[in-house]
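Down below are the structures I want you to see.
Look for subunit A in each of the two complexes below; its partner is subunit B in the first and subunit C in the second.
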Partner chain A sequence: MKPHRSPLGLALLGLTAALSLPPGTWAADRADLARPEPAPLPFPLVARFENFGEKDGLPSHKIHCVLKASDGRLWLGTGNGLCVRGADGRFRRYGPEDGLSHPAVLSIAEDPRTGDLWIATMRGLSRLSGGRFTSFTQTDSGLPNNVVYGVAVVDGTVWAATPAGAGAYNIREKSWKIYDHNNAPMEEPWCYAIAPGRDVVYIGVWAGGIVEHDPRLGSFKAYRDPDGDFQFQLTPDSGPIADITSWVAYDDGILWQATYFGLSRYDTQEATWRTWVQDKTPLVSNFINSVFARGHVAWVSTDRGACVTDGTTWATYAVDEQGRGLVRIDRPGGAPETRRMATRLADGFVTAIWADDHEAWFATSNGLSHAVFANQAAVAANP
Partner chain B sequence: MRTLNCLLLAFAAAAPAAPLAAQAPAAGPDSARFIYATPGETYPYYAGLPREFWPFNAVEPYERFFTTRMPFRGPGRDYPNPSDLKSLRIGLLDSPKYDANWERSVRTREGVVLAFEEANRSRRPGQLPFELVEREGIAQWGGAGNLAVDFADQKVLGFLGTIDGADAHVALRVTLKTEVVIINTSDPDPTLTETNIPWLLRVLPDHRIEEARMADTIVRRFGCRRIAILREGDRYGRLGVHNFMNFARRLGCPAAQELLFSPGNPDIPHQIATIKDARPDAIFFIGEPADIGRFARQFRLAGIQARFFGADLLMDDRFLKEAGDAAEGAMFTYYFDPARSDPLWVDFVARFSRRWGHAPDAYAAYAYDGAQVMLHAIDAAGPNRWRIRDQVCNLDYYHGVTGWMQFDGTGSNIAPVRLVRYEHGNRVFEPQAEFTPPAAGGL
Partner chain C sequence: MTPRRIALRAAQVVIAAAAVALAGGFTARTHQRIMTGRPNLAVTTCTHCHLRSAFKLPWQKPRPHHDSPGGIAVSPDGRTLYIALDDKDEVAEADSATLAVIRMARVPGGPFGLALDAQGKRLFVACPQQDRVAVLDTRDLAEVASIGVGVRPTDVVYCQTRDGERLVVPNSGSDDISILTLSPLAELARVAAGREPYAAAVLDGGRRVAVANRMATHDQMLTAPASEVTVLDPASSRVLDRLALDSAHLAEGIAAVPGKGWVLNSMVRVRNLVPITQVKDGWVMASGLAISRADGQVTQVPLDEANAYFPDPSGIVASPDGRRAFVASGGSDVVTVVDLDRLGSWLAGSSAADRDDAILDMALSCRYVVARIPTGCDPRHLALSPDGRRLYVAERLDDSVLVVDTASLKPLGRIVLGDGGRDDPIRQGERVFTRARYTFQGGFSCRSCHPDGHVDGLSYDFDGSGVGDNLLANRSLCGVAGTEPFKWNGKNPTLQFQDGPRFARVLMRTDPIPDPQLDELATFLVNLPPTRTMPWSQVGKGLTPAQQSGRALFFATKRTDGTPIPRALRCQTCHRPPLYTNRLISSVGTQSPRDPKEGFDTPHLIGVGAVGPYLHDGRAKTLEEIWTVYQHDDLHGVSSYWSKEQLNDLVEFLKTL
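Moving on, here comes the complex of A and B:
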């Protein structure tokens, strides 16, 4: 086998299974640090990270998800409760004693019409409305299973991804529908993520690729790994990279699939696929926990750092063995540039990201990071 | 796997971290029975099967997975040990009571309990006892997910289980969030370990290993050309024949038929008539042993003379009882010869028989081995889930009571299986040398 390796791929080849990057792997070139950007990037660049951990009031080192609500408040799903960051910067925790159905919070969605929060936990789905929690479980509602990996609110319907199917709760009618292997193109009903699309809902299915559902028509379409095997990817850019979907995200006509085998992108207008794997492309790791879509840009959470990409240009944030922050920029046709950062991600094991044009928040397995964006020519250089 | 190639691909890529040094004296099996991964190690591709069994084997795919083991790169190894422990808790996820797997689950439990009892008897002063936290399976989709969450809430350090492939998959996905390692001792679904979630080890050889051996036997050894498949119409049946059909096709002999039945169905006249019309020279069965035995007898009564083949469940007495004379000549794969003279096995059989009043089967034996690996990992790593994971998932070879195991890049045991045939009502194991890893003087 003679894989096509990008310079970045070659640089990353020596990465070990350690928690962070080994010395020299991403050695920053000091000469590059002060060099102005040759061209604007298609996404914001992080200038510095501000990190928060248990010492700052977070109830757990493990942060599963992050959402900045429309009112500007930041919500976190942690291994030990739901958290909100107040205007004073302090974190307030909500747990089962407040009505949350389980302390492990995996996903949070906001109802854009009411501002209510829907909270996916490992034992039920909770709703936070007017400061009060209401919970739904598989024994007192139509929720298919208590382990809720993903939640989304689409046109008055709350979608919950569970290992026994996708539950759809009509808020106004207070009625449930379940989509599983009996009525949707899934071999097994193991659903792990929900993403609202344009007039459709995308369901990330474990071993079932991605299921597209049009609620108006009641129709389904399945996107599956064309080679049908977990042991390899036969050809790149031919379809979903794997049938084991860990997350899906959609914005502006672009659907992203996160897997533990790499990253896939589907252009719904052109009906074309692109795929990325580590070592052969700028993707830093095949193990992707989740992906956040904004416009044509994806914010990719991996076990080895975070990538930002529009599919052509990449910025990757990682932590080296000495615990220093690094950013690597990969432009089409150009040599990758590695820069040392003055600050670093709270941890390289990134579980989820939320971003807009002004800032980004990174949930990690060891704390929370706030990314402050910079003027691209003024990336902090602090070796 | 002496008869099969172990192709090592020269991939220079990430390798599992080296195992941690033992932090406490290990109880149970001697350390020489554990061989761990080394940095940069690559693993046999596609379960170590010869290239002719691989999908698209005439072309080089863009990317191969599982040539190295997926490491866990998250934090946790340096977290302080809990200070308030009164015992070292380990979960056991049983099958739902009265489910088809219930009897196998009971035997699994017997193996696990014996391992715990022996380990606790050998604890030294100052060492915490092991505590088994059992949960009975829930007979509904996703139920195992709820129980895996419950295990995390109960603060187990790892858990064992389960037989049902769907349950095992669902529980595994939860462990990625809860970070509790699983050792699976009894699910033969090949896809279970192909998820890249680095929190699982399986000690049972899977259906891929069995079916490659059987396809080779049917097509090459016996020269059969018209293979009919009769399988359960459920997930176990679907996945149980999936690889067999592909392997037979790659050997130039696509299955002539694949027919399904409902478990417990007393007779299947339509399937039998259809298969008879196809004039098969081989029939491959996947299903519960009593069903398969009953249908084997019905095939013979219908005048079908094709050879019968199957997988490990044909070892079960219920197959022989239902099939009667129709079992004669039936050939199947099994994991090891229960009459083997390996001292570890002989001694285990004696101890197990004393404890439970009957001899162990494969489910009990692999459960015992899986429990031993878990207990050893906890003693070596201390009560830290992340370090326990490293101990479990960095294992390359283990010498259990069932023999030497070899773990591939997915964390699944790819040790070779045995061929067995029924002869005058007896199970005759074909001669085969015991598998021994290179580091222990084998291969």
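Moving on, here comes the complex of A and C:
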């Protein structure tokens, strides 16, 4: 199961950024809504959002990460504890009093072999197994640092992305390894994310781009911004868009890099890069909190809404200045189609997304959104 | 030669000898003070650092091996018994009608836990000394397959699940549970357990498996420990529940009760935070039974009676009709018979408060304990025939299996496996070790705190005044040979002294162990080998790069920047190989307000990876915490220059010792 979250730091940093689209960014009108529907999209389109907040039982309005586990239960990492949504739709919170190492949960990953959850928090790493938490901190274990931004379980090893390097905990041997600037190609040890690849692990590194690690060989390979400039994209489609990596995600041979300066896509089989920045591409914002990969599709969480793309076609969900939900569809060679939605994201500041073929869950800085998919005709029928 | 000349010559010799002795003594003391970095070191012997060879220690030498019965498996037709003989690396096959041993099979790795498949065609053998499960064909007892699992697997259970056959194997040394598929024989998953998972039981026809964790865990000092019962789905490898047996340890037996939905655990209710002076009031340990019901409620009830104790409850089985349970009490050489219907009636009629306090009520056991069956020495594993008519009791230190008629509760005979090793002083010492007769009212044995000679992971309040919390961490007896003096204050020069009259006064609260038995006990203890902490697959192989780095740090004489480390503050100075102790009192800045002195015996580090918590009072729950939380002014070795990676490497090295 892939991990996904948005670093709390990013969330706090961007909280003051635009919570809705700038005036006049998009305009939806009746003519748009009445337009005949073109060819199907290569990914599901959201028909409506169902939103949840503190009034619905969430322990905090800040949702940092979301994961639907293999048993179907929905897990949320919030600013005030770990939260699970039961079959009855009610939310139950777990906090330090239950054994969680810290209430601020930044990332969640599931061990596919055992179903155990590994929970990254602002003070340590917790394992939830059989209803019981076990915690690992930098003082009582080999965890590099207590602030754990990202966590992933890869082939029996738990990876923890921390400001002091990436920690790798071998579950069977109960031993830790630390990868940082001393033994891996990183400018500095600050790591934000881990993504399991095919036989390799991708580490999203602050100022270090992406580090690919092959655990079998013990080898490393760094993917760095070829122009070395994070403000300007001088050499598009030639490498990571920036070295400031805020998140990485991988599925089906495609690696996605989220940064504060745009989005990158790396086809690991073709060894080709694509990059996107706002204004020049459909990407709604350069400030990307996280990215979730499913097949060849990326679900991108930004400070101005969420994008879904396979690299050519885009669907962007945002909130306009009146607080109304919008969706904009960008097809290759076509003009953007902007439609008003009957419902909207809980907030435009999206921190993380989880999706499958049937539904999607959006973690935002002001609540949780459940996306209900529908065919495009149904979406067009919405007023 | 005249008498005067003789006297003169004698005087010369004496003076010369005295001069040599003085010079030698001065040189030796100077050497000792330099090498220990302690300018005020009192007179000590050379053997603290020299003349010690791990290869000459008693546990390194050959010793007699015995037919100690471990796990027992009964064939589906009840005609054949399989008995694990871990000390002999053998599995015995016996005829239940004649009680004769028919065949023996050699199974390397200390076969201990046994299970049969549903047809009785395959025998699965947990081999804790080689971290593997062997598969034997019951037609010829030939080993047909083997698979590596976690460290020290002590049991194995077989079950049919919705997704096929499964074996569930508690790995007591690595605190995890292997879940194996049989077609092919492969490890599906290894899930985290509590501490020292020891035995397993199949529930609900294979839908769930419950695993008893023998040792308790506790996260903080001065908090009550708890043993865990790990409940998992063997088909999906998901842990479903982790039941807590509060204040319990030595929970090494587990059984499912047909028809009632209960899980039974044998357990010891330990009150390690109560001053040890309360032993005489029966306030330190009580033997009991934990009943975990389907709704997750856990109730602990006593097996003891007022002024009559049945310590070290171990193996447990429930009859097929769910009406009776049998519990082996290794410390008192009895099997306790529990009427589960009566117990159920009491549970149904009791209040929540009654159930919470039940384990404290020694008068309660008379309601459901219906018999005590005398056995041979150290009954441990139990098995029932499929029809429930026969109970088989492994009399571990008598090398026999007692056969009991469950209707009359009378013995039917014994399967004799060996001679009991009456001539072996080590075996005799083990009998002393496991028997509770040497403690107040037979309330506990040495084994109650040192299961298999190891450690129970608890800190006990040894405040002599009986009023304070002066905790002292339990220390393993495995590999104890050559590490004298004993006790955290280092006051006991020999094991006989340690376990002698003073010990009887402080802890056992009864007459001391007689000298002959005391000597036998000491013989047993010095022959206990260290606990293996490395996986069997890594034994004999070189250190990993991380372990090598940790070793270099352990033996470092300079910091990374080249600054010399004072000799007194080097790891190797106090924890000197081969036993990693110089057997001196050391002060490492850990004296608490209630500790009368700042110095403590320097513990040896053999098997240190398995003996936590650490430091004299158990304040450090992990090795890391010794330096990350409880290090002060580099008094416990100079660690201030270490990086986190270096600390991790050091821990990895320590875990190899």
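Observations on the model:
Here is the rule we use: the second predicted complex is superposed on the first by the 355 of 383 C-alpha atoms of A that agree within 3 Å, B and C clash if a C-alpha of one lies under 4 Å from a C-alpha of the other, contacts with A are read in each partner's own complex, and residues count from 1 in each chain.
In this text, a residue touches a chain if its C-beta (ideal position, glycine included) is under 8 Å from a C-beta of that chain, and two chains touch if they have at least 3 such contacts.
What you are looking at is a predicted structure, and each value in this text was computed from that prediction instead of being measured.
For the composite obtained by superposing both complexes on subunit A, the positions of subunit B and subunit C are free of clash and fit together. By the document's definition of touching, neither partner reaches A:T157: not subunit B, not subunit C. Look at A:S264: by the touch rule set out above, it reaches neither subunit B nor subunit C. More residues of subunit A are touched by B (comparison of subunit B with subunit C).
In the superposition on chain A, A:K174 makes contact with subunit C only, not with subunit B. Once chain A of one complex is fitted onto chain A of the other, the partner contacts of A:S141 are limited to subunit C, with no touch recorded for subunit B. By the touch criterion stated above, A:S369 is placed in contact with neither subunit B nor subunit C.
Residue contacts after overlaying the shared chain place A:T338 against neither subunit B nor subunit C.
Once chain A of one complex is fitted onto chain A of the other, the partner contacts of A:W206 are limited to subunit B, with no touch recorded for subunit C. Applying the stated contact rule after C-alpha superposition, one finds that A:Q231 touches subunit B and leaves subunit C untouched. After overlaying the two complexes on the shared chain, residue contacts for A:G131 are found with subunit C alone; subunit B is out of touch. Measuring only between alpha carbons, the smallest separation of subunit B from subunit C in this overlay is 8 Å. Counting contacts as defined above, subunit A residues 144-145, 164, 180 meet subunit B in one complex and subunit C in the other. Those residues of subunit C whose C-beta lies close enough to touch subunit A in the complex are 150, 174-176, 188-192, 228, 230-232, 236-242, 535, 546, 621-622, 624-625, 628-629, 643-645, 647-648, 651-652, 655.
Subunit A contributes residues 71, 113-116, 127, 129-132, 134, 138-142, 144-145, 164, 171-178, 180, 182-183 to its touches with subunit C in the complex. Within the complex, the subunit B residues that touch subunit A are 9, 12-17, 39, 45-46, 55-56, 59-66, 70-77, 140-143, 145-146, 149, 152, 166, 169-170, 173-174, 177-178, 191, 194-197, 235. Against subunit B, in their complex, subunit A makes its touches with residues 1, 3, 13-19, 61, 64, 102, 104, 106, 122-123, 144-147, 149, 162-165, 180, 188-190, 192, 206-207, 227-236, 244, 260-262, 277, 279-280, 285-287, 303-304, 347-349, 365-366.
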